[in-house]
Amino acid sequence: MLATSFVHPDWGLLHDQFWALTVGGLTAGSIYALVALGYTMVYGVLRLINFANSEIFMIGTFGALFATKWLGIAPGADAIHTGFYLVLIMGVCLIVAMAFSGTAAVALERVAYRPLRKRGATRLAALISAIGASLAIQEFVAFRRGRNFEAFPRVANRDVLFTFFGAEIRTDQVFVIVGALVMMVLLDQFVNRTRLGRGIRAVAQDSETATLMGVNIDRVVMLTFLLGGIMAGSAGLLFVFFFEVTKYNIGFIIGIKAFTAAVLGGIGNLRGALLGGLVLGLIENYGSALWGTQWKDPIAFLVLVLVLMVRPTGLLGEALGKARA
Amino acid sequence: MNTLADLRGKVSGKIPQYNVRDAGARWWAGLPRWARVVLIAAVIGFFFVLPSLTIPLIDTPTPWASVLFSPIALYVLAALGLNIVVGYAGLLDLGYVAFYAIGAYTIAVLTSAHGSLSFWVALPFAVAAAMFAGLLLGTPTLRLRGDYLAIVTLGFGEIIRITANNIEWLGGPRGITNIPRPSDIGPLHFEGLNAKPYYYVGLTFIMLVILMVRAFERSRVGRAWTAIREDEDAAELMGVPTFKFKLWAFAMGAGIGGLSGALFASYQTVITPNNFTLQFSILFLAAVVLGGAGNIPGVILGAVLVAYLPERFRGLGGQRVFWYGVALVAMMVFRPQGIWPSRRRAAELADPEAGEVLAAVTEADVERIEEELEDVSLPAHELEGHHDG
Amino acid sequence: MGDTLLELAGVTMRFGGVTALDDVELHVDRGEIFGLIGPNGAGKTTVFNVVTGVFQPTHGDVRFNGKSLLGLSRNAITRIGIARTFQNIRLFREMSALENVMVGADAHHRTSVPSAIIRFGRHRNEEADGYERGMQLLEFMGIARRAGEAARNLPYGDQRRLEIARAMATKPQLLLLDEPAAGFNPAEKRGLMDLILRIREEGYTVLLIEHDMSLVMGISDRINVLDFGKLIAGGSPAEVRENPAVIEAYLGAPNAS
């Protein structure tokens, strides 16, 4: 018969583990939020779903992984560092991850989207190109690295920082959440305060007028992809730091969830990406407690389908180019 | 000058070929009737004899007849169905494997897991179940913008697969086994080692579907679909009930996908959720897209390529998905038109005199206006001054 | 002239901070040729969009034969009897000229998927009807020889005529023409004026947006003038031409080419 967990949600489990689930949800949600930024920015500027953003993220994870190999850090007890060295290691990994992802994103735009943009192709044609690019990148990585999980060394101790109503809150969880928030604040500041950021918002709002004002569309688009890539790269680092694995196709499920987060928060809205990511992380964690972990991924799909059907503009609903008073 | 009343009943001149779309179709329509009959008979004859032939250059490591059925004939059938959705109505469906799966699982459930109907009796139910799923999915989602629809269908495809994986009644991860083969029909006897009867059944269904699709092409339905694909908003304003026809396209495509899945199930005799992953949706889509022209021969060609090449070049098997990805990008980048004609319209429904209005609208208006601008070209092209034909 | 066919009552159309139409009151009588003019950005196409159901007005009502059109879908409004052409031509480019017109004729057809598969009865009758009506309209427009050609291959003038033919195929009572003479030379404009007059003789009512003053003044029975979304003048061509508010709105001599 139908799995009983489907019909009888486990409220007890949800109640007992509520705060642990909440922290876990916020952690995962922070990662979704960072990747969501890539989707939402590209959509805001080009009205295009960058289906391959998931692979940009995946490339970031491998960047972080390679950085540890170059630094000579292998999985094992002596991989753990503290203090200055830890900061150094994380810094290097972060930069390498962002470099990998940012470069990949810019290359992707050049090869798979720009020619279509120049020809006035439809959005659907661009989406197909995105799918093709996503497949090609995934398979290329599989070809080079195989199809098995690869381990990322634990470079920091996972101490319990404090407890909150019985839930243990660890350093790594805090690091992910805070790290993601910092990246997002930086991006927000960049987009709202710098000249380049203004260019992005102008193009998102009205590309024709923006050009008349002297904005170089090609450069803005490239910058948008670069920024989205950098965000995805940082998400990649946080992901391998927390989950300690990566593989050629981890991008897919993270990407779908990140896209769901972007839509949930309001596509084209940077703050919406943050909100959407966190909310989605919470929903899927609570859901997996209620109905079992095997339903965790379908929950994300279900949220996506429901949001698109019921409230496609999302929770915050504004577009990137919206002038904020 | 004539009034309209004068012209009644006096349509002048030779009846023009008003519904042939490309050079190939024009050539075909220009042939005398007997030539067309002979050609069709020859083609059908060729396909009937095909499994028995051994053609050195084309032959595959796996037995030729079984490859002809699975995957080639199955893919051709599914691609023809998906082409109705994608190629005719212009709706991007990234989760088509869901209908294939529903057809397969319905057969499996009715003939093996929870019933003992014969294949032929269960088949209409399988097709109906898939069509119903198409209606169910389409009704709330077909009002969405094209790219959102694509993602929703992708989500639906995955939901179906994961649900099948998680529910014991559908066999869970181990799937459903002992699916009986179809009972004898006419001279055809179905057994494990011989794929030919399956192939002939598949071929028959393919021909029926082709006839049906051609009937649509030359009717109001085909016109409506083409109008929707070209310019949905103009079509609405010319009185085309676009939602209704989009839903029909979705349902018909789903039904055909279900038909193909049903045949698959009875051939494999075992199905598991892993037979219905996202990758197959993309392969089906690749079959429709790579054939290039969006017409029936193009779709068949694409499906044959997608199904046949990995069988022929088994060594490439591991890399085939990579090359499909590259091919998809290349098709979109290099083919001047692709299936979807380039559309050069900017914000036309919004008052062009109030173009600035769009920048300051509320989110509800953006939503509504964006619905009207469904296939607005990516903004930057306008600046390139790209106008031709 | 007959009774009121179309009526806009207090129609206001607001998009966020911008008011595209401001409390517009106008009516079109059956059988007349009604011209709607105004400087660029005045909101003329927005009027068309509101009438055809593309936008729902923020305030006010749109009535056709006395019944409100608010809330109706676009294709329902077309079936009720309102058809339009577009400022930037929106033909179905890959279809032939005749097929484009047949899509219009299909507006009142009821063939759907099952009938198309069976191919008898309703499908055959409606195909024959659409074909005949389509060829008649093409002949009427003077482009019958283009029937089999793809719409994108037609010369510009024929494309404009084709769009009108397609709109007429939907059997409208009211025909909305959005700058039908754009891009025409003087001879073509005269031909178009004749055509519109003949269309009216066939029993259609025409609501016309046009920038060319001599064309609009030459064939309209009545003209209304919009500026910044507001109606600033209305009346016969002679009255409107003399109206100081109109002249001021156009900032000098109107384009009289």
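A, B and C are the chain letters, set down in written order, and residue numbers restart from 1 in every chain.
One rule holds in what follows: contacts are C-beta pairs under 8 Å (C-beta built on N, C-alpha and C of every residue); 3 or more make two chains touch, one makes a residue touch a chain.
All values reported here derive from a predicted model rather than from experimental measurement.
Asks: Determine the set of chains touching chain A that also touch chain C.
Replies: A chain counts here if it touches both chain A and chain C, which gives B.
Asks: With centres defined from CA atoms, tell me which chain sits nearest the overall protein centre.
Replies: Chain B is the most central one.
Asks: Centroid of chain A to centroid of chain C, CA atoms only: how many Å?
Replies: So the centre of chain A lies 49 Å away from the centre of chain C.
Asks: Taking the mean of the C-alpha atoms as each chain's centre, how many Å separate chain B from chain C?
Replies: Computed from C-alpha means, the inter-chain centre distance equals 37 Å.
Asks: Averaging over Cα atoms per chain, report the distance between chain A and chain B in Å.
Replies: 32
Asks: Among all residues of chain B, which ones touch two or more of the remaining chains?
Replies: 356, 358, 360 - these are the residues of chain B that touch more than one other chain.
Asks: Give the list of chain C residues in touch with chain B in this complex.
Replies: 15-18, 20, 40-46, 49, 52, 54-55, 73-75, 78-79, 83-84, 86-88, 90-99, 102-104, 106-109, 111-113, 115-117, 119, 123, 126-127, 130-132, 135-137, 139-140, 144-145, 147-148, 150, 152-153, 166-167, 170, 198, 201-202
Asks: Per the contact definition, I'd like the list of chain B residues that touch chain A in the complex.
Replies: Listed in rising order, the residues are 90, 92, 94, 140-141, 144-148, 150-152, 154-156, 158-159, 162-163, 165-169, 278, 282, 285, 289, 318-319, 321-322, 324-333, 336, 338, 340, 342-344, 355-356, 358-360, 363-364, 366-367, 375-384, 386.
Asks: Hey, which residues of chain B end up touching chain C in the complex?
Replies: That would be residues 1-4, 7-9, 11-13, 16-21, 212, 215-216, 219-224, 226-227, 230-231, 233-242, 244, 248, 252, 341, 345, 348-354, 356-358, 360-362, 365, 368-369, 372, 389 of chain B.
Asks: Any idea which chain A residues touch chain B in the complex?
Replies: Per the touch definition, chain A meets chain B at residues 1-3, 6, 46-49, 111-112, 115-129, 131-140, 143, 203, 205-209, 211, 217-218, 221, 252, 256, 259, 266, 294-295, 297-298, 301-302, 304-305, 308-309, 312-313, 317-319, 321, 323.
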